[in-house]
């Protein structure tokens, strides 16, 4: 459902951040993306959601070449992807509830059709008491969990999570991993960028994609 | 509800504990309603609209006043009769007045008596002068129907042929001078109005740009969670249209109140000499329906402009994100 | 250099690899120089200063013009002599003119000939009138020294006692009417100027507030890394003073250019009737030194105001952070 | 050098986030502050740098009651504290170099007196190549390291680090911990808020402060 072919990316005039990246993500698969800080994990995810265009190479997503998508198709494709940003990117003027409901709201769904789901998901990530709080008053971990909830709410075909447990305690991290695994089992392809070795050890069945020096190494 | 989650949640947290659905709902507009930048935009728009409405009002006041001046002058003509030896001037006055009264488009005819005519001259000849012996010219004043002005040149010929020594003055020199003056005044006020409208446009554009810039993060997030460009632009246009409308109504309404206030004040000024002068210049400061129309149009345009600009700015930003 | 770090760094990274010190340095001002909000603030300030300078200029133009009108009227007086049976009017004119010419403060004396006087009357009596037989009053026009005006009432008494039938007209009714009118015009333009200055203040204040709001994060970080309130407020004042100055210079300079342009244009207009009228009303559109002074003062005030406001807003924000 | 006495903190009308917190930080000491997400670690740090006033109780810092400090003293006290924010708080319009130099710049030091130090510190945290980059183009881990460099540059008497290794790889985390330990050995008191058990295990000599349910438990 997602494939990179000889993808290279260069920011401005600096040397290539990503070089000859070639890999495939199968539907219903689960993988960790790891590598040292600054290796290009976030960059890779930005390529997948088309927030960034590759300098060279071909990215195919849901069977389509991203280069050839028009604007509507880009939006449609994005609606199939859930993403947890490393820096959360919650909207401070909305409540937590509204933030999490955002992907469904912008798709034009009726609020009554997702209200229960949103509150339940927030409860599951431990934010049941903070539903009406604005993100600005949340702790780091709480923001992170809200960001996770927002990525899950639209039941994406592909989930990208960028360092989703960097700000939560190990118990909560396990709980979140369990959520991702269940999501994966229910049919979603999952890519989790993380530095957390303990986390990765908790789910051995996952593929590991390791970025280093701009190249990708895959451990099945 | 994600199906697997029901199981995960089930054991220790019974379904009943969940708050009723209606407890939470989406109320906040996606583009923040009450940011500092938004309020500042409203203030800037209000002020610029106020000033533009003021100049527009002043322009209509001046042009209305000049129409008054010209209208007054144009609705009158006069016949002058110089006394000639051997003719009965009173009879000549009568016959000239008769000819004039019969002409279509002449609303009324008034013969100035000798005393009236002397009164008109006295400022120029000095008060104490004994005019009895002077052959003072006599006047007939014609009120004209401004909607169906008579053919004055024809009337002039008729009168001169019937009454030698008579002449018809249709004030056209005076009117054309007044016309030049009024045109100049109207042009100047129109010019200033255009200047202010240009300034308004620039100010609104740059304040809108600044207010949109503070929401750039929101554009990006909406974009990445799957909102279409059209959806985002529409949210912004709607929000900024309402900001523009508040500002424009505030400013335009302020201007209307201002004119109302000035009218009240001018009523109390009227007693003073200065007040008289200004009133002579500007009429009684009553904004005409045209004036109100211009102010309302201005309000609509400013609100529309703000909405349109915000949409364009957001679209351009989205295009940059897309490439 | 933290001492222990030298050891940590030592083995694999020799000291020589470090770039020369001067390669990096602090260049960026702590308050961002070129933000969208900043540029918008400059635009808003420029526009408001432009409009304020325009009204200030117009106010000085009008008051200058009215001083001209009044000055012209006040620098003249006239002596009128009505022909009386049995007196030689030419001799009377001579003696009245002599008395006037000898008076201190009368700069020049001109006797209007009979033809001149008839010319003055003709528009009122009609062109063709034969005035030969009429006892047309005669005039002497006195140019007065405006710096040392003569005592006109004394002069009047002298002339009347020497020449019966003469009267001195010092135009004081006309002057006082003109004075009322000029005062009214000046008041109106001053009033509008004040209105625009208030609008300017509000616009600058709210745009400054918005621009400061976009930098709130910076205030907080500076505060927490150990900057004093005074330091932060000074940085903001400095930055916003320069923003205000750019805006004010842009706007004020624009207004000065505008007046220069209008002057050029008015020179080419002068041929047309409308141009004549406007020139009669407003002089030749030359901004007086006072006008320029007001514009410069305005520029300084606006820049100062922007700096002061930003400092106050930041101070208030800091106070909130402190409690 | 720092002591809390029966400190309580309540945000708005919610129940107390911190309750009866009493502890002391000795000069030259090293402690980890841990506890589940949302326990109040960040809140505790904000109390210490006086970004927040306690609802009750007494906080003494560098021998002075924070309640009684005037504005100049607050600033002077803050200059003795270095802090790594959980969300970094770098200024995007400044270069990395300028960001790190900020605490010294606002203290009015001559630039020539710290230029070498700033560049060397940046090199030490692995950002030697990015000195002139603005923070917005950095990866998550790079931002975090820049925030650490900024906290260290003024050689604070007390260092607060809020989740300083949440976005970096284990190797970099070890390197950063080594930096903190060396700093501690050279005389600074260090408090590190973290969820990372692996990190804490790497330095056994540290005290552990554990926040849970608003109360503090201390393990020497």
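Which chain is which? They are A, B, C and D, in the order written, and residues in each are numbered from 1.
Convention: a residue touches a chain if its C-beta (ideal position, glycine included) is under 8 Å from a C-beta of that chain, and two chains touch if they have at least 3 such contacts.
Just so it is clear, the model here is predicted, and its values are computed rather than measured.
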Chains contacting each of chain B and chain C, listed by label: none
Chain separated most widely from chain D, comparing mean CA positions: B
For chain B paired with chain D, centre-to-centre distance based on mean C-alpha positions, whole Å: 63
Distance between chain centroids, defined by C-alpha means - chain A, chain B (Å): 58
For chain A paired with chain D, centre-to-centre distance based on mean C-alpha positions, whole Å: 29
Sequence positions of chain B contacting 2 or more other chains: 35
Category of the chain touch graph - line, ring, star, complete, other: ring
Every chain pair in contact, whichever chains are involved: A-B, A-D, B-C, C-D
Complex contacts: residues of chain C adjacent to chain B: 35-37, 39-41, 43-44, 47-48, 50-51, 54, 80, 82, 120-121, 124-126, 128-129, 134-137, 167, 176-177, 180-181, 183-185, 187-188, 192, 195-196, 199, 202-203, 206-207, 209-211, 213-214, 273-278, 281
Chain B-facing residues of chain A, complex: 49, 51, 53, 71-72, 74-75, 78-79, 83, 89, 91, 93-95, 97-98, 101-103, 105-107, 111-112, 115-121, 123-124, 131-132, 150, 152, 154-155, 178-179, 182-183, 185-186
Complex contact set, residues of chain C against chain D: 1-5, 8-9, 13, 18-19, 21-28, 30, 32, 35, 217-218, 220-222, 224-229, 231, 321-323
Residues of chain D defined as touching chain A within the complex: 11, 34-38, 40-43, 86-87, 126, 137-142, 144-145, 162-163, 166-173, 195, 197-198
